[in-house]
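What follows are several structures.
Next come two complexes built around subunit A: one with subunit B, the other with subunit C.
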Partner chain A sequence: MTTITADDVQQADRDSSQAVTRRNITIPLKARGEPALWALGGALSVGIVMIFGFLLLVFYNGFTTFIAKPVAVVTLKSGELVAGEPTRSELYKLAPDAVKALAPTDAAKIEARGGYEQRTLYRTGNYDLSGYDFKWVDDRNVARAEFPSDVLFVERLEWGAFVGRIKAAAIDGKTVSTPTAKDPALVQAHEAALQRLQAIRNIERNLIGRVNYDLERLRLKVRRAELNYGPTSPEAAAARANEVEASGPLRAQYELLAAEAQRIRQIDQKNTVTLADIAGKEKTLPLSGLVRFYAANDLTLADKIGIYLSRWWEFLSSDPREANTEGGVLPAIFGTVAMTLLMVLMVAPVGVITALYLREYAQQGRLVSVVRISVNNLAGVPSIVYGVFGLGFFAYGLGSSIDEVFFLERLPNPTYGTGGLIWAALTLALLTVPVVIVATEEALSAVPRSMREGSLACGASKWQTIRNIVLPRAMPGIMTGIILAMARGAGEVAPLMLVGVVKLAPTLPIDAYFPYIHLERSFMHLGFHIYDVGFQSRNSEAGKPMVFVTTCLLIGIITVLNLAAIIIRSRLKRRFAGSQF
Partner chain B sequence: MKFKSLAVILAGSAALAVTASALEVDPALPSYKPVSGISGQVKSIGSDSLNNEMTLWAEGFKAIYPNVKIEIEGKGSSTAPPALIEGTAQFGPMSRPMKSKEIEAFEKKYGYKPTPYRVAVDALAVYVHKDNPIKCMSLQQVDAVFSKGRKGGAAKEITTWGDLGMTGEWASKPISLYGRNSASGTYGYFKEVALFDGDYKDTVKEQPGSSTVVQGVASDKFAIGYSGIGYKTADVRAVPLSAKDGSTCYDTSPESAYSGNYPIARFLYIYVNKNPNQPFDPLRGEFVKYSTSKEGQIETIKGGYYPITNDLRNEDLKVLGLDASK
Partner chain C sequence: MKVAMTDAAPPVAAAFGPPSVHPKRGTDGEAIRIRDFNLWYGKAQALYDVNFTIERGLVTALIGPSGCGKSTLLRCFNRMNDLIDNLRIEGRIEFEGGDIYASTVDTIALRKQMGMVFQKPNPFPMSVFENVVYPLRIDGIRDRKVLDETCYKALQGAALWNEVKDRLHASALGLSGGQQQRLCIARAIAGDPEVLLMDEPCSALDPIATAKIEELIDELRERYTVVIVTHNMQQAARVSDNTAFMYLGRLIEYGETETIFNNPLNVRTQDYVTGRFG
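Moving on to the complex of A and B:
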């Protein structure tokens, strides 16, 4: 844009009077809009490409992981058989000496390709039989590769995948030899075996768990009485007598349940399946030890979809197995959501109250600016520092004191004096509180002054004005702050590793035992699960796809949490949209 | 030196069935026999190398005793002693023996020493990329690659693959070093045995986990790194090592590890707080028995390590005052 001054006009008049049109007015580059527009547009597209590229990578890898892949049987020139899912292949350059050492025909072929050779990584499974579960095969060593329709891909409860054939199955004492994967007798027996496994788990976890919980409570009562009144006091004696009396029936019940579990287990042992790998090496295991099996090269589209969905369902609904590399992530989903919601419950009131005081009540002076600057700077402290603070102050400081007062009978095992859900939520609340304070302050200052003055003029007190006029109008802005805090908190991992996230948490923080919500328990978290599976698992090759799947899930959960908050915010906005002038 | 003692201890027990493909446990190891009335909560804090093992044992133990709760944290062996001293953990898995300072700190608080028991044998492996043709390295060479001071006696520092005698495209390529962070027991053990107590070079890229070292080496063609044998993947190769320049090289196979020929084989331990004047509480006692039983040692193989022998088990259980036969 160029501004036209009086001089220009005069000049133009003069020009026109001379009847010569000269339009070579040069606009300086700084004043022109187009280059800036291009730069902005470029920046936006770089941003979009980066975000979508990242999401595409994660979702592509995440959503393709559970697709059933074909199984190749490769016969090597040496006669050796390799069976497995082809995972990936690559070109690599052979060293010149290595090429020379090869047979002349192979060497010539590789020379012709400029010294490059193709190789493929097969997921062979069968770790218990062979000692490895992935194997690279060079193309020059391959005599032939086939996809026979009778080769099975078997997922097992233990030892990971198995690639091979079913040699025989013993179903209720009857032997079925070389059944196919869709043999109705086998499928039915497998379903029954899985139900038995479920029954055993139910008995062991829930029913025996209840008995053990009651026994533990009795024991703790005795210990508390001994600690409070001394070991020789009549109270302690009474508690001990009570324990003896009450534990009798409990133990009988335990024996009964254990016998039932044992009975089912014996049936389970009678239903076995003998697997044979591609070279014929055999392994017998109970039918309930198979999670899923299918003829990998003989699947209809419906079969594939079925397997895909059942794998997702297993992932979302079951506990992890085999040091977290297999099974599901239910405890981690639960831990992530519970921790994030708890954090919001803590951060929202604290942040909003702080901002209210700073903006509405505090006298705006040097002290308040110092506080404000400090709050803003808090957002720049590395998150791991919060973790250290949380561990030292909350867990070891506060938690240990709580233990000494309320849980003396459980010491030396700490109850609150170690990382736990509540300490993790508090630490993250501290981490995200600046976001909420800043957002709330902005929202409060955006409420028009006229509205406050109107309220005050009508005789409302300051608190009534804040309560009824300012806060409701600022609510959407406050919600934005909370949404940002939630997203930040749910994705944070580093401080959590110090204050309560563990690789394997035995129990969920919510269960059927009083007081139902156990805030002191350690928990699992999807973010940490990603780190653990990606960088700590024995077989990083097998762990990689799970990293992508878990990342997809974490992004999904954060999206759902944010969407929920956004819906609440838009409802609030609508509510006040009509009541404004 | 620890590897000597390992050699001596294991040389006698030839009963280990080692086949070329898969490992089997010592047939003398007894099966675990469940007892009744075990419940409660335990926590394990310590080695990252043993993290997966602990999880596997915990899963197996929980399958037998459903109401036992076991929590596992594995951020490095150096986190085990403070956790045992503070009482925040009942088990302290470590991939190296405790240092005298750590034992002293423990003794100061409790008046007795912490008790270790051995749960697995690990051939600490020196990994290179799968395309790396290097045949063999001596400990002196390993020292010259990783350390600043070369206390092992190598004449000069090794910085390129050519210095290790490799030719062609490798000769001029610098060696890219991967290692563990200092909280790790693997870091400490490698420093003590392979570096002869020398200091690591500043160029070693310190990784937070055993698996990360392997992944680093897998993605970097000119890399070398050290990590437990349990973390081996198809993308890396473990280099055979010899104890001295010019002597025979041994690979990381179980045979070489058990015979002590492989120079940096080691035991993996779990430390417990056991008052010598009091019996072990049943929960922890049963866990010790389970993890060293036949079933527990099968889990050891599953985690990628080599199992212990029955003789070792008996020896350790005796120290802990447990009856090995039951």
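Moving on to the complex of A and C:
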């Protein structure tokens, strides 16, 4: 930046023969623009601080959630025992009447603090025994807090965490009393139990699922024949006969599989643990019902890292359980990525082709201006409106028609005639297509005229010029539009709630059954998962860590998708760099 | 057409009178013939009643002060002006006997016969090689041997081969401005056109590159018909056989370069070529 200083001006004055009188030149601050600069810089820093503060908060909470925390055993003055992970402490104001009702020493202490009392939230678990997962403990009531090394933190498949001790374990019928968390026999038995659980799941989900699928196909064949040829037709009769014939072996197979699952279950029944909470209340459950257990106050660093990583792995690779507040988010990750990619696949060609036509081929006139303004305005329509449109037009309109033509035999159960992955992706494509159109048009118009003329002068046709010169040159700009569309689409939740996102999807949109990719299925989405876990679950305190971790993950996924696109773009850009004249 | 002209003619028209066209010198024929050509950008007329003939195998220079319509006329020869909205023309331009503005003319085929070099270098964002063979690529030629040979010949012709032979597959945008301009010339001759249209090809170049390009034009003389727009009187005198002087959208004088520069008939031409105005 060059600024004219008073010296320069004086020099100019000296040089000029006209300057008879010396003017005293002062340049006011306003003219130099510094206050404006400070304001701009200030605004920028406020913006950056807000964004980074938010990200920092999310990442801090997200990445600390899975750290194994110590478990405190608090003895209250009343003699009651509270065991749990200290989650957070805060000051809260007691009602004046409540203060008066306290013992004089406590009351004086609280008065001294201006009526505030310190309290700590403990994650006590044991919901099935006590009826709560979290408990506030006021400091004045605490007699003693300890961190005994034999207290266990147990994660269970059902009922959430358990804090206490293992009283006894039955391993293949043999009883081991008061084993430690690292007792090799117990650890081994636990691993075996988890494998059994996996085996049962495999039988029930995959093998029995296959049988059910085949049975359903037979039933649908009959239905199809009845619909096509009439219920009394020979074709329908043949289909019915075929069903009877083929379903026999299938049923037999089903019985076999069910028996096998039952056998494994019975082994499972013989492997149990008896847990006791800190006060001695007991609960017996199968060993396979434990996800993970550890002596929370007796962990080496390696143990902690192991727990941390295994929790992340569980989070990333398994299905949710306990109303989504525990377990993993694999289906939601899958749904988010699949839907975003599908959306990009649909929005990119449509948006680019539209923009190409508008900018390169359409006669520039009033009609094109109107179209352009309308497209720009589409970007401002509230997204929920797109959701309503997507449900009404895509799912109920288009989807129902598809059902009536191709999936008549399944009715009244809708196949395409309800929310699903494809409709969600289409709705979001509709929502984001203005972004791509606007960015592409901009990129196209930024291609220098001289370059088009060069190509045309070589005898290239208009299409060859667009294909060989204009599009490659505009590609980075087009990619920017697609990146923006992707970022907008991946973060959108409201319209998805109407067109296919569900709290818990029974199956992934990809499986082993023909046609393998089921775009009509409803799916899970990280954005909706956050809403559901954070604000729709039984206990918002229990869902809170999940909200942070899931948010981290969503931000991470969007970042990865965008980074991939940005890398592609910078590759393209590098090809056109180095221009010099 | 003449009749339509009179009411739109500006006062200067009378002052100039009809263009002074010198007697034709013996060549092997006419390449481009411009007849009663008028052109309007919207309501503003840019060319008035232009009449002259560009001869095959010679270098013809278009000179005249800025804004007199040299580029406009040049861009009419390969119909580059088609891209401009609200453009209106009257009159004829004939190329090899056919009216190039006839509705049956295929502009793509026309442009393949007329290479064009622009005032500012406009290489494509591709490798040097791909830039040169672009006219062949769009014709769907894939034969490596043909491409390589064309590339070599065109770059040799544009006096660029020695400078870029080791970086044929590097981006053309990495070349210097002068090299880029010669690359554009190579691209224009790679398509093997019959006419080469050059719009101030040396305006962005240093004297050495300019000399190289003038040398090139000298070499091209036999095989191509060259039309060159230039502001540089010495250049026009050095490279061209014929010179057309334009002023305010009119052709003022057209003839052999030597005559135009030494014995112009029109006083305006004399003033311009001797540097007294313009």
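Methods note: the second predicted complex is superposed on the first by the 545 of 581 C-alpha atoms of A that agree within 3 Å, B and C clash if a C-alpha of one lies under 4 Å from a C-alpha of the other, contacts with A are read in each partner's own complex, and residues count from 1 in each chain.
Please note the rule applied: a residue touches a chain if its C-beta (ideal position, glycine included) is under 8 Å from a C-beta of that chain, and two chains touch if they have at least 3 such contacts.
Just so we're clear, the structure is a prediction, and the values are computed from it rather than from any experiment.
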Subunit A residues touched by each partner, larger count belonging to subunit B or subunit C: B
First, second, both or neither for A:510, with subunit B first and subunit C second: neither
Subunit B versus subunit C as contact partner of A:205, first or second or both or neither: first
Which superposed partner A:379 touches (first subunit B, second subunit C, both, neither): neither
Subunit B versus subunit C as contact partner of A:417, first or second or both or neither: first
First (subunit B), second (subunit C), both or neither touched by A:535: first
Partner chain in contact with A:457 - subunit B first, subunit C second, else both or neither: second
Which of subunit B and subunit C A:448 touches, first, second, both or neither: second
Which superposed partner A:469 touches (first subunit B, second subunit C, both, neither): second
Intersection of the subunit A residues that touch subunit B with those that touch subunit C: none
Residue ranges of subunit A in contact with subunit B within the complex: 92, 95-98, 121, 127-132, 134-136, 158-159, 204-205, 208-209, 212-213, 215-216, 251, 254-255, 258, 321-324, 411-414, 417-418, 497, 502-507, 522, 534-541, 543
Complex contacts: residues of subunit B adjacent to subunit A: 21-23, 36-37, 39-41, 43, 48, 51-52, 55-56, 58-59, 62-63, 66-75, 87-88, 90, 130-131, 133, 167-170, 208-212, 214-215, 218, 230-231, 233-235, 301-304
Parts of subunit C lying in touch with subunit A, wherever the complex brings them together: 78, 80, 83, 85, 108-109, 111-112, 114-116, 118, 120-125, 134-135, 137-139, 171, 173-174, 176-177, 180, 184, 187-188, 191, 204
Interfacial residue positions of subunit A with respect to subunit C in the complex: 364, 448, 450-461, 464, 468-469, 472-473, 575-581
